[in-house]
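Letters A, B, C and D mark the chains in the order given here, with residues in each chain numbered from 1 onward.
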Amino acid sequence: MHHLSPAMKACIDDCLACYATCLGTAMNHCLEAGGEHVAPPHFRLMMACAEICRTSAHFMLINTPHHAHTCRECAEICAECADDCARIGGMEDCVRACRACAESCRKMAA
Amino acid sequence: MHHLSPAMKACIDDCLACYATCLGTAMNHCLEAGGEHVAPPHFRLMMACAEICRTSAHFMLINTPHHAHTCRECAEICAECADDCARIGGMEDCVRACRACAESCRKMAA
Amino acid sequence: MHHLSPAMKACIDDCLACYATCLGTAMNHCLEAGGEHVAPPHFRLMMACAEICRTSAHFMLINTPHHAHTCRECAEICAECADDCARIGGMEDCVRACRACAESCRKMAA
Amino acid sequence: MHHLSPAMKACIDDCLACYATCLGTAMNHCLEAGGEHVAPPHFRLMMACAEICRTSAHFMLINTPHHAHTCRECAEICAECADDCARIGGMEDCVRACRACAESCRKMAA
């Protein structure tokens, strides 16, 4: 897709990677571990993070100027999700994917 | 779903109705009419509107506090989409659904 | 949307209602009840049901002939989800929405 | 995500890559080229392909056994989309992404 800038392409990749990691971790690791992993605030945050990442990627692919707003919201939720996963522990992949996506989205939102 | 407030339930319904109307209108009426109906800025706005409505409904159903931010963005895109559909003409259903959703989302974002 | 048949419009409504009920029930009732409500097979089935309903509605709105296949799969998953919710109990709304959607989708798949 | 098999991880990647390529191509290249690129049957096929790829990836990440059915449908739509893009021409990226995804999904559906 020659039509999208390299920075935007990288951000789409980061969003899709974070979407996959959050959803996969929530529906496998968290659901199987139970306990605080399925506490409503944590689990909802994981699912909200997966959904906003999916949507931000979609907005950039559609090439709508509103992607700046979804990217800003995505950066915020990803940062919060990274912190919550780090607090609970055992989800290093998810922490990494969320931090990378937050940084990438922050740039696109600027 | 007894767990969600009546205002939130109404907003979810408005978002899903607007999602369906925008997507259905874009992929049928606009695509078949051609011309300015498939001009990139208009068509992208219709698709962005459908997607943010879908996502805002999702955030309210998940019951995440971040729904206030997706609802604010949804209200903005819906208002813009209503204006653009009114300008082009022949899409009264879409104008109505977008205005109703914008109003509903503005309340949830407050 | 004058362009879609009344039967298809009704099926879209049933799919979106079932999507909202399954997702809302999973992320509120099930997550808060815990126990067998968050047992991986049940919770995954609820989330798969929400997603296929969302997709089937999308396919009908796009007006692609492939909607017959997503509707067939949707009918199957909804029927299974209704049975599992009935088995666990306390989710009558979800059972009703799933059965209505299954019947509606079965007709569209024929 | 250690919990998913290497073949499933590869298929998720192929689905997300094909989703991004189809959606990005439709909403940029096709919309800007106009003509047969926005003919309803072609454009709907591109959008249906993007959506089923998104859904198949979601089903695998959720880890539901129903992913076999969405993967089978995904393989079919991707193959059809690849042929239609090849027929129109100038969308080699999309042809490649669709063929790779079709092959990957066919294996997961078996």
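The definition used in the following text is that contacts are C-beta pairs under 8 Å (C-beta built on N, C-alpha and C of every residue); 3 or more make two chains touch, one makes a residue touch a chain.
Quantities reported herein were computed from a predicted structural model and do not represent experimental measurements.
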Chain pair showing more contacts of the two, A-C and C-D: C-D
Residue-number overlap at the chain B/chain C interface, same or different (half cut): same
Centre-of-Cα separation between chain C and chain B, whole angstrom: 22
Inter-centroid spacing, chain D versus chain C (mean Cα positions, whole Å): 23
Sequence positions of chain A contacting 2 or more other chains: 27, 32, 40, 44, 47, 58, 62-63
Chain D residues within the chain B interface of the complex: 27, 31-32, 34, 38, 40, 43-44, 47
Residues of chain D defined as touching chain A within the complex: 1, 3-4, 12, 16, 20-21, 23-25, 27-29, 32, 54, 57-58, 61-63, 93
Touching residues on chain D, where the partner in the complex is chain C: 40, 44-45, 47-48, 51-52, 55, 58-59, 62-64, 66, 69-70, 73, 76-77
